[in-house]
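Sharing a structure, written as structure tokens. Questions coming.
In this document, chain identifiers A, B, C, D, E and F correspond to the written order of the chains, with residue numbering beginning at 1 in each.
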Amino acid sequence: MTPTPINQADTAWMLVATALVLVMTPALGFFYGGLVRAKNTLNTMMMSYVALGFVGIAWAFIGYTLAFSTGSNWLGGLDNAFFRNVGLDAKGTIPHILFAGYQATFCVITAALISGAIVERMRFGPYVAFITLWSIVVYAPIAHWVWGGGWLGKLGALDFAGGTVVHINAAAAALVVAVVLGARKDYARQAIIPQNVPFTLLGAGLLWFGWFGFNGGSALGANASAALAFSNTMFAPMGTLVVWSLLDITRTKKTTAVGAATAIVVGLVAITPAAGFVSPVSGIALGAIAAVPSYFTILWRSGTRLDDSLDVIAAHGVGGTVGALLTGVLAQKIWNGTADGALFGNPRQLGIQFVAVVATIIYSMVGTFVILKAIALVVPLRASQKEEGVGMDVTQHGEEAYSSGEGAILVQPDRG
Amino acid sequence: MTPTPINQADTAWMLVATALVLVMTPALGFFYGGLVRAKNTLNTMMMSYVALGFVGIAWAFIGYTLAFSTGSNWLGGLDNAFFRNVGLDAKGTIPHILFAGYQATFCVITAALISGAIVERMRFGPYVAFITLWSIVVYAPIAHWVWGGGWLGKLGALDFAGGTVVHINAAAAALVVAVVLGARKDYARQAIIPQNVPFTLLGAGLLWFGWFGFNGGSALGANASAALAFSNTMFAPMGTLVVWSLLDITRTKKTTAVGAATAIVVGLVAITPAAGFVSPVSGIALGAIAAVPSYFTILWRSGTRLDDSLDVIAAHGVGGTVGALLTGVLAQKIWNGTADGALFGNPRQLGIQFVAVVATIIYSMVGTFVILKAIALVVPLRASQKEEGVGMDVTQHGEEAYSSGEGAILVQPDRG
Amino acid sequence: MTPTPINQADTAWMLVATALVLVMTPALGFFYGGLVRAKNTLNTMMMSYVALGFVGIAWAFIGYTLAFSTGSNWLGGLDNAFFRNVGLDAKGTIPHILFAGYQATFCVITAALISGAIVERMRFGPYVAFITLWSIVVYAPIAHWVWGGGWLGKLGALDFAGGTVVHINAAAAALVVAVVLGARKDYARQAIIPQNVPFTLLGAGLLWFGWFGFNGGSALGANASAALAFSNTMFAPMGTLVVWSLLDITRTKKTTAVGAATAIVVGLVAITPAAGFVSPVSGIALGAIAAVPSYFTILWRSGTRLDDSLDVIAAHGVGGTVGALLTGVLAQKIWNGTADGALFGNPRQLGIQFVAVVATIIYSMVGTFVILKAIALVVPLRASQKEEGVGMDVTQHGEEAYSSGEGAILVQPDRG
Amino acid sequence: MKLVVAIIRPEKLNEVLEALYRAEVRGLTISRVRGHGGETEAVETYRGTTVKVELHDKVRIEIGVSDTFVQPTVKAILAAGATGEVGDGKVFVLPVEKVYRIRTGEEDRSAVTPVVGEESGV
Amino acid sequence: MKLVVAIIRPEKLNEVLEALYRAEVRGLTISRVRGHGGETEAVETYRGTTVKVELHDKVRIEIGVSDTFVQPTVKAILAAGATGEVGDGKVFVLPVEKVYRIRTGEEDRSAVTPVVGEESGV
Amino acid sequence: MKLVVAIIRPEKLNEVLEALYRAEVRGLTISRVRGHGGETEAVETYRGTTVKVELHDKVRIEIGVSDTFVQPTVKAILAAGATGEVGDGKVFVLPVEKVYRIRTGEEDRSAVTPVVGEESGV
């Protein structure tokens, strides 16, 4: 297999971008893990970390080919199953295997994102089964629709780095899982307070860092498009953070750290579909605007019985939808060489974006529901009330996050 | 806007360098946040994180143009206000917007650095107002003087990555704020002990990591100068760490972890102005030498009434000054192609460096003082004694860093 | 010194790769630091951090030249002592000083790896002396053998990024140090439980991130080989993580977070020698297979009197050996352009790999033993029982990791 | 004067606090403790090591009350703290010789009678 | 023998320790607790949720003293621990039947008399 | 009924628990505390600041026992908790007026008699 020529500079950047996206999954583990109660810390983190194993391998075996190999409008073929024919020759301007690895990191984090809706109560085994199947049955097809040569891409839907494929998709799934599982037993009865806000801030900081690879890397090379996407990924969340802080101050006279961490993520989500399509100033505007609906969704949601525990819907669903639609408004051909949005004389784009959002939501919800019900036929999805009370760390993993070792008796090894 | 050609390899490196510098601000939040008391953790971290919002947006709107667009010897013009004319065409060899984004990260962290002098007592609103104004009124002009075509650059001042613009500047401001605010009520009366030294070590590790983008990226391309700056950024702090540890052992028979973290930062600060100008061996020497004055400044400072709480002056002021002056001593034309230092036959360079240091200190102190007093006319800068006692996390942000949720009663939402 | 031409894209990638490997040492500090008891947190972390000082400087002064300058089959010469003649001209396609810096990060982390075997009991001074000497006397020669033009390289031993030089080497040393020091006083008598599993997960995540530079960078350029090594570094540990989780479930009905973190490291270790030599599918297989022996070695080891406290031998020794040998089995010329393994018609390669493994183990063990005994002539290696009881943080560093400041009385400064 | 010391389940804390509130008990002090009783032990595994955790998280409540308040206080705790499963905890009533309010130096009965008044803390 | 149990403000701990030192009280044990009294409640907000934190950080000091030491001990605490604002805490004096020093098995009075002697701990 | 309160070294906790187990003491509650006694102080340095840490980590054990169990309980603690070096801690025996088991409302003796029975917790 003699590799066909690759562009070295593009390869250099995509190597880095891939590493950056990979680190987002641990970062997500910390973002989420800081927000739960101490007795569920490890379980919440593991919900992200484990995706790096099972979802990643599922991607290598079957997900990649379903998403990216030549196939129909709806699904890829099996040419690249088990990474067959995925070698060092160029796909675009970079080695094919690097492209496949880059895309793997997207699939992994998308699956992990869902966990925010179901922390502190879902049994770990069924969770692993769920995200693995979901990555194949739900993620791969939608990725194919938009990026793999499927119908949404052909329709002209703009999704630079995954507003629909990643964020809206994950949020739609999150909604379904949260409803199917039901609320935590203490939800809306007791105060459930973040155990470690610094971890959440750390997660937000590392997510931002990794997101440069997520959006900037989606240009698939070290080019002007990457620079644009990169800059928008910097400035849009800055705008979100400012507006969010001002909303916080207006409402409660205080800016919160959890709020700041949330704002960063919302801004990153919202700019994701738009990153390479809109000008930097539009990017700031987009980030600033996106703060508002997500902010108020969180306020509203916490008053309902919907225990979307870490607000996946508000951050990724609402943020992603606002971003996807505003992409259809603010896109500029002079910046992206591809298409204008409604504000620049092409209202049709907004319609296309709308179709993409709706199609993604419907498919994701149905697919998620089917997978969950299938698993529930075999094993119960939810931990018992008692397990929930004791905490998922001890009951699911046999470990505690922070331990002083008091009163722990050594049982094994007793051979020594 | 058809982009003029960019160098792809330079772009690849500068994309990464920008991401690296951005992550330094969260890293700083952890470095600082570990050193305060638990009740002020979030507030301290937020002082860094919030700069990513307000200072970043101020930079996009006005700071960048004042620093880098064509103007006078003293200040840039308004050509690039609100990122007007900042597009994908090349500035140097990389897209203009990427250059602007790279520089944004410098402005953000410089503002955040100041917070180390005023933790555990400054009200959050005035703090945000202060750093935002400061980034426009103090940072942008000084950046213009040195890097934007201003008088210090013309004079021949060598500041590779911001010894004066960033570190001395921030430290001079820190001195003024610390004096204007006064010492914490418990300062020099009670032992104030770091709440989480691992966080400080984490911050130091991530700062080092990010600093490779800070110094290496200041070459603005993937070239030999970047490699030199990069290597110096690795080896100089190693030298500092060795000398600092030996000083620690000599004085107290123990090496401290807080000391190691501090040494790393001091070494990084000191090499910053010199990074692309001196040989690797000179870099090690510079790092080793720089340990001494900062070490003893910390010892001395903690015996005074000057509550520069996290020793911004010792680390960034003294470290930065030592670095800036030694740049004037150790620079070598055969390594940098630009200028020799005093040791290599050009004593005049040392004089120029001295002028740059003094000018920066004076302007920064005056500017800082004026901004602070202006804000103090509108709102009090300092939290009340009682708020200080209770802690800034609860009083400024309505949150606790670590919570077990005991005795927390759910008030809202009561609609559900 | 006019620099000879470098490849800019290669340089861009190697700048990043170097930064990535550097961050692995702090990451290791967190991986290890989370696994010990709270009273030894800082000491354990410092064992990694301090290597960034002393070992790094030893490398610049003498280690690099012994490893990489022209010399005999057994050892390099002194041409590059104190970085003489290490400038900006190209070594391969990147600046020489960048190459030297990249290699420095390998030496640093290898030394730090050893500390996992001796936490919670070794005095800090002797430890620093030990790793510094070790990096010169043991690491530099072995690196020379394999990568610096020495006999193992000439023999045709395949070690892409350090399976023998780094991991087996460190593990062999770890075994000797653990035996020489003896077990912790509480070992196998009390339950010794990880103080902060999230730190361990954080460390594992950042190690993975940094390892992309470790393996991907070992291609020394942004080329197809880097892409292959990079992808294997992603997918192999995914395979390990899956198998490890399944072993955990089979044995205890629970997947553990400490196990997941360990699995990631084991997978990374195992793929290290093979990364650029085997196909992605072979990489996954290699990662999956490597889980088994390390898993059972940990189980077995904890039942013995060998207090290899954080299982350096199981993770790095066994994992590295499995990887090195499987490299000799699974290597494919069509992927690496260099050599086939046993499975592809070249059984001799397996023999060569075996020689490399055995030679490394023997030299490392002997060298380690001699250094330790030499130091022990001058100072005791081990803390007293009482110091061990009180904890190494207070006794070796005069600090506590987490402090609330209760009952701490300010002694100095009393001048103020 | 008596000191009522109760060991309860952490998850029952809020209910107990509410019950005490309704019983007009205003002042109390709590701390996190770990207890051993008839509860099943948890088994944890860390790498090769298996560990039996014999102690369970509990909350200790300490309430100084004047004699007439002892019965209502104990009743409130018993009612709100019970789940019926092993591990609910215990209540101890200890005799107290003297109580002082630090702020005023008041003694005994008046030391534990709450003053609703000027602000303090946050 | 008596056991003096004091609940004080954490920020007053150092002053109280010093006062006790001057009163020649040498042995004591402290723990972090959280208390509820007349203090104003703190309101915190986490995303959409508003929470009222009714418990305030306090420090609990436990001091075993022989009878003649009770008054000086209590006085020291009252003097050093008071700020005059609600939330200063309480002191309870409990009867003790027996005290042992674990190291020697000594009982009662001699069990709480400090020995300044050989080293221990660090 | 009595309440035995012991302050011991953390590193001795496991041995003491075992000794209590052998003495057939089943129920107890522990908490992390910090103590001051005759122990040497630790000196710590943070940047320019030197600090004397006067408090040492200890564990507090609280055991409600019926009168006949007091002696065995105390003996077990004294035997297992002693190292002979300063800092081993103290045992206090306090009178108790009443004990309740929260789960059942049982009182006194039967409140502290362990039931080995149905599961609970994990």
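Definition applied: a contact is a pair of C-beta atoms (placed from the backbone, for glycine too) under 8 Å apart; a residue touches a chain by one contact, two chains touch by 3 or more.
Note that the structure is a prediction, hence the values are computed from the model and not measured.
*Asks:* According to the touch definition, list the chains common to the neighbour sets of chain A and chain E.
*Replies:* Correct list: B, C, D, F.
*Asks:* Tell me which has more C-beta contacts between its two chains, C-D or B-E.
*Replies:* Result: the pair with more contacts is B-E.
*Asks:* Which of these, B-D, B-E or C-D, gives back the A-E interface, meaning over half of its contact pairs coincide by residue number?
*Replies:* C-D
*Asks:* I'd like to verify one number: the distance from the centre of chain C to the centre of chain F, where each centre is the average of its C-alpha atoms, in whole angstrom.
*Replies:* The mean C-alpha positions of chain C and chain F differ by 44 Å.
*Asks:* Between chain C and chain E, what's the gap in Å when you average each chain's C-alpha atoms?
*Replies:* Between these chains, centre-to-centre, one finds 49 Å.
*Asks:* In angstrom, rounded to a whole number, how far apart do the mean CA points of chain D and chain E lie?
*Replies:* Distance between chain centres: 17 Å.
*Asks:* Which positions in chain A are in touch with at least two other chains?
*Replies:* In chain A, 8-9, 12-13, 16, 190-194, 196, 202, 252, 254, 256, 258, 302-303, 390, 394, 398-400, 404, 406-410, 412-413 touch at least two other chains.
*Asks:* Quick check on chain F: which residues sit in contact with 2+ other chains?
*Replies:* 14, 17, 30-32, 34, 36, 42, 44-46, 48-49, 51, 54-55, 94-95, 121-122
*Asks:* Quick one: label the inter-chain contact graph as line, ring, star, complete or other.
*Replies:* Here the contact pattern is complete, since every chain touches every other one.
*Asks:* Could you pull out which chain D residues touch chain C in their complex?
*Replies:* 44-49, 51
*Asks:* Would you mind writing out the residues of chain F in touch with chain A in their complex?
*Replies:* 10, 13-14, 17, 30, 32, 59, 121-122
*Asks:* For the complex, which residues does chain C have touching chain F?
*Replies:* 186, 190, 389-390, 394, 398-400, 406-413
*Asks:* Could you list, by residue number, the parts of chain B that touch chain C in their complex?
*Replies:* Residues in contact with chain C: 7-10, 12-13, 16, 20, 37-38, 188-198, 201-202, 204-206, 208-209, 212-213, 216, 221-224, 226-228, 230-231, 234-235, 237-242, 245, 249, 252, 254-258, 260-261, 263-264, 280-281, 284, 302-305, 334-335.
*Asks:* Applying the document's contact rule, which stretches of chain C touch chain E when the two form their complex?
*Replies:* Contacts found on chain C: 386-387, 390, 394-395, 404, 406-407, 409.
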